[in-house]
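One structure, as C-alpha cells, below. Some questions next.
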Amino acid sequence: MVIVNPNVNLGNLPTLSPDWPGGFWWHWLLFTVIIIAVVIVMIMVNVYIARRQVGRMQSRVGPNRTGPFGIFQPLADALKVLLKEGIEPASIDRLIYWLAPVVAVVPVLLIFAVIPFTDGGMLADLNIGILYVVAISSISTVGTFMAGWASNNKFSLISAMRVIAAIVSYEMPVVLSIASVLLLVGSLSMNDIVLAQQDIPFILLQPLGFVIFFIAGLAEISRSPFDLLEADSEIVAGFFTEYSGIKFVLFYLVEYGEAFFFSCLITTLFLGGWRGPALPEWLWFIVKAVLVWFVIVWLWATLPRVRIDQLMALAWKFLLPLALINLIITAIQVLALPEGSWWVMIPVNFAVTAVLILLWSKLFKLGWGRVEV
Amino acid sequence: MTVALSAKEVAAKLEPKFPASIIESNKDSLLVKSESLFELISFLKTTPEFDFNYLSSITAVDYLDYFELVYHLTSMEHNHSLVIKTRCYGRGNPTVPSIVSLYEGANVQEREIYDLMGISFEGHPNMKRIFLWDGFEGHPLRKDYL
Amino acid sequence: MAIRTEPFVLNMGPVHPSTHGVYRMRATLDGEVVVDLEPVIGYLHRGVEKLAEERTYTGVIPLTDRLDYISSMSNNLAYVMAVEKLAGIKVPERAEYLRVIMAELQRICNHLIAVGSFFNDCGAYFTPFLHMYREREKIIDLFEMVSGQRLTYNYMRVGGVSQDIPEEFLPALDRFLAQMPRCIDEYDLFLKENEILLARSKGVGILTREKAINCSITGPVLRATGVKWDLRKADPYSVYDRFEFDIPTGSAGDCYDRYRVRIAEMRQSLRIIEQALKQLPSGPVRVEVPHLVRPPVGEAYAHIESPKGELAFYLVSDNSIAPYRCHIRPTSLLNLSALRDMAIGWKIADLIIIFGSIDICLGEVDR
Amino acid sequence: MKFERYGIGIAKGLMVTLKTLFRHPTVSQYPEQRLHTSRRIRGNELAWDRQKCTGCATCAKTCPQGVIEIVTSTNLVENKYAVEKYQVDTGYCIQCGLCVEACPYEALFMGYAYERAKYRRSELVENKEDMMLESGKKQPSGYFYPEIAAKLPRQTLLVEKITEKEQ
C-alpha cells in the first residue's frame, strides 16, 4: 500500500522565529490574516469566473464593464452591497437574526486552517485534519437554520427545513467516502493525504468514492442541481430572503466560501493536492481548485433542480449503500493486496463502479412523489 | 369544420322534452327560459345525439331592459356547436341557475360575470368577486355603470 | 404512525419570481405538500372589455395587443376575424397568408417562452431560457421589420393587414426557417433526456382527458392529455384548410407531455410557414374599409387556436362605431381552472412546475 | 430518481452548454454597439409636416388613447384651417401608429428615435414646434411611408448575424 511519510515536512513554510515578542502568536496572527485574505480573493475570483462562465454558456457576455474584462466586478458588487441600507423586518427574532450570519461565516473561514496550499503550507497541520473539516463544516448549517427561523418568513423557514434535512442526510455519504480515502492513507492529516498521492491521485483508485463525494458535496454546499435552499423559482431566495446589506454579504461569502472549500477538499482528497510538474505548488493547488469550480458552475448552468424527496431518496437509497459497499471493498483491498499494487486496484475499482451504478439505477422509477391528502 | 347546428332543428327536437321552455329559436341561437336552462343544458350534454361535452364560453350582455347570457357549447365528438341564450330581468339581483356542476370550466366564467355584470348564479359553489376586491361597489360592465 | 402536523398557509405571489406575472396562490401546505390551493387573481385587471366599448373598432386592436402580450399577433387575428365576421368583410388572399405566417411565427415565439420558462421553473438556471430567447429574438426581429414594434405589433387590421411585408422579409424568413430546426434539435439535445428533468416532470401534475374537457381547457394542455382537438383542423379558419400538418398529442397529460407537445407544435408551425411561403400569392393586402367601421346590428363569435388554446372574441354590434359588447374568451384563465386539482398532493416545487407547464399570461387572465 | 440511461441525458446537456461557451455571444454591447432598428419602427415620438397638415383632426379622432390635442382656427385668406395648437402627450401614447395610418394628407409620421427617456412627465408632452419636420430634430420613420423607409439604413437582423448554425 501507499506508505505514509512519517516525516511531515514543515520546512517550506517560512516560519517566524519564536523569539519574537509574543512568540508564536505573531506567526498565527500573520498567517491567519494571509489565509483569510487568500480565501476572500479566491472567492472573488470564483464569483468572477462563475458570472463570466455562466454568461458565456447562456450566450451572453457577462460583466465586462468594471476594469479590464470586468475583473473588478465582484469588488464593485461587494462595495455596492456593503453600502446598502440594512433593512430589518419588524417581526424578527432580533438576536438570532443578527447572530445567524456570524455563526454561518466563521466556520467557513475556520476550515481553511487545515487546507494544505503547498507542502505543509497550512496554518495548522492537525493530526485529525479531515475530522476537523467534517466537524466544523457542519456548523455553518446552524447559522443557516438560525437565519431561516429568525426571519419569520415562510419561504425562509421552508428553506431552513430543507437545508437541515439535506445536510443530515448527505453528511453520511460524504464521511463514508472520505473514510475510504483514509483507509488508503492511514492518516487523518490533510498534508499526509496529499503526500500519500505521490504515485497516483486517488480519483483513479477511488472512482466510486469520488463520484459519491462529488454528488454529496454538491448537496452539502447546496449548488445546482441540489440548490434547494435558495431555489429562486420556488422559495424566492430561501433563508436570506429577509437579509440585506452587510448581513447579506456574509451569507454570500458563506455560499462561495463553502464552494471554494469544497473544491479545495476535492483537490486534496482526490486530485493530488499541490502535486504537479513545473508550476509552483500553490499554483497547482489553485489551478485544480478552479477547475473543480469550473465543473460546478458548468453543472449549475445546465441542470434543473431536484425535488426535496428526490434529494433525500438519492442520499439514502443511492449514495449511502454505494458508499458503504465502496468502504468495504476498499478495506478488503487494503488488507488483501500487497502494498503498491494499484495496477490491480484501478481496473477493479472502475469495473465495480460501473456495475454498481448500473445496478442501483434500476431501482429508481419515475412519476412518484404524490401524497394523498 | 365545426358545424353550427341550426337552432331551429335543435328546438324541434327539444320541444317534446321541454315544452314551453324555448322562447325563440332562430338560425344562430336558441333562446330559452332561465328556469329550465340547467335541465336543458344537462340534457344536451348527456344525450349522445348532441353530446355537448365542451363549454367554449359563457358571457353576458347588458341590454338595459334585460341581461342576456350567451352559452357557446361545442361537442368535440361530433364537432358541432350551438349557441344558447337566456335572459334575466331586473337590475337589482338578476339570477340564473349555475351550470358549474355540469361544466367545471363555468366556475371562473360565472364568477367573472357576477363580478363585472352583477348576475348571481344559483348553485355556484363560490359566488365571490374574482377580479375586483370584495368591497367594490357596482358592476363595471353594466351599461349604466359610470 | 403519523405525526400530527399543522398545515400553514403560504402566499405565493403576487410578487414571486415564478408566477409569470402578478398571480397569487394561497397554498395551504403540510410540510412541503400542497393540501389546498386557492388562486387569487385580478391584480392586472384593466377592464379591457369595458374600455373596448368606448373605442372604435379599429382602436380596440392596440388593446388586444396587451391581452396576451406574449402572442399579440394571435390576439389581433382573433379580434379582426370577429369584426370581419360581424361586418361581412372578405379579406384578400395575400393578407390571409400573411396572417397565417404571422400567427404561426407567433406560435413558435410563444412556445419558446413557455418551454423556456418551464425549464426555468424546474430550476435550470436561465440557460435554456436564454437559449430560447435567442431564437425568439430572431422572430421578434421579423415582426419588428413588418410592423415596426417588438412586442405590441398592432399589425392586423379589419380587412387585411396594415402593410405589406418589406422586400427583405422573405429572405430573412427563409434563413430563419433554415436555422430553426437545428435550434429545436439543440433544445432536445439539451434537456429532453435529462434524467433530472424526467424525474421532475414525468407523471407530475397529471390531468385526465375528461377533467380537461370538462374544465374547458384547450391548447397544448388539452392535447397533452391525448385529445386531438385543434381549431386549425376542427374548425379551419382563415386558410388553414390548405396546409398539411399534424396535431401533436401526448398520452399521459403530465408536465413532460405538455413540454413535448409544445416542441412538436413548433416543428409543425415551421411546416405550415414553409407551405404558406410556397403558396403566397401576390395582390393587395387590405380591402378598403372605412376608418370607422359600422357593422350592422348583430353579434359574432370568432375563435382561433392561439398558442395557448382557444381564444375567442364575442362582439355585439348596435351599428355604431364602437362595439356594444366585446367579450374575450380568456384562454389562460380557463386553463388555470384545473390547477388546483393538478397540484394537490404534490410538493411545493411541483406546484411551481405544474403552474409553469400550463403556460399562462396574466395579461389575459385578468384582462 | 431514475437514471434512465445512466446520466447520458445529463452529459448531452453539458455538451450543449460547453459548445455555447465557445460560441460567439449573441448579445451586443448597447451604448457602444448600436444596431439599426427596423425601417418601420414606431419610435416614441411623432413627426409632423406643417405644410401638408390641413387641421382635419382625423388623427385626434383615431387615437385610441386620446392624446392628440389639436386646436384650429379658420384661415379665410388661404381658405383652410390654421393649426394653432398641436400637442401630443407621448407619455400616454402607446405607439400604435393608427394616427399615421389615418392621416389622409400624409402629414404625420412616426419618429425613428427611440431614446427619449425624460425625468418628468411634463417633458414628454410634445408641442407643434417640437414635432415639426422643418425643425430638423425629427427623423420620420418609414412606418406607412415606403419611400422614407427606402432611405433608412437596413435593419440589423439576428438571423444574419449568427451564421454558425447553418450548414
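Order of writing sets the labels: A, B, C and D. Residues in every chain begin at 1.
Criterion: contacts are C-beta pairs under 8 Å (C-beta built on N, C-alpha and C of every residue); 3 or more make two chains touch, one makes a residue touch a chain.
In this text, all values refer to a predicted model and were calculated from it rather than measured experimentally.
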Least hop count linking chain A to chain B through chains in contact: 2
Comparison of C-D and B-C (more C-beta pairs in contact): C-D
Most widely separated chain from chain A, with each centre as the mean of CA atoms: B
Whole-Å separation of chain centres (CA-atom averages), chain C against chain D: 25
Rounded Å distance, chain A centre to chain D centre (Cα mean): 51
Separation of chain A from chain C, taking each centre as the mean of its C-alpha atoms, in whole Å: 44
Where chain A touches two or more other chains at once, by residue number: 57-60, 301-303, 306, 310, 364, 366
Sequence positions of chain D contacting 2 or more other chains: 1-4, 10, 13, 16-17, 20, 26
Multi-partner residues of chain C (each touching 2 or more other chains): 127, 131, 134, 190-191, 194, 196-199
Touching pairs among all chains present in the structure: A-C, A-D, B-C, C-D
Chain B contact footprint on chain C (complex, rising order): 41-42, 45, 47, 49-50, 211, 213-217, 227, 229, 231, 234-236, 299, 301, 303, 310, 312, 314, 316, 324-325, 327, 329, 333-334, 336-338, 366-367
In the complex, chain D residues that touch chain A: 1-4, 6, 10, 13-14, 16-18, 20-21, 23, 25-27, 29
Sites on chain C touched by chain A in the complex: 8, 10-11, 16-18, 30-35, 119-127, 130-131, 134, 190-191, 194, 196-200, 202-204, 254, 344-350, 352
Parts of chain A lying in touch with chain D, wherever the complex brings them together: 53, 55-61, 64, 298-299, 301-303, 306, 310, 313-314, 318, 357-358, 361, 364-366
Complex contact set, residues of chain C against chain D: 55-56, 58-63, 65, 127, 131, 134, 137-138, 141-142, 144-149, 152, 154, 162-163, 166, 168, 172, 175-176, 178-179, 182-183, 186, 189-199, 291
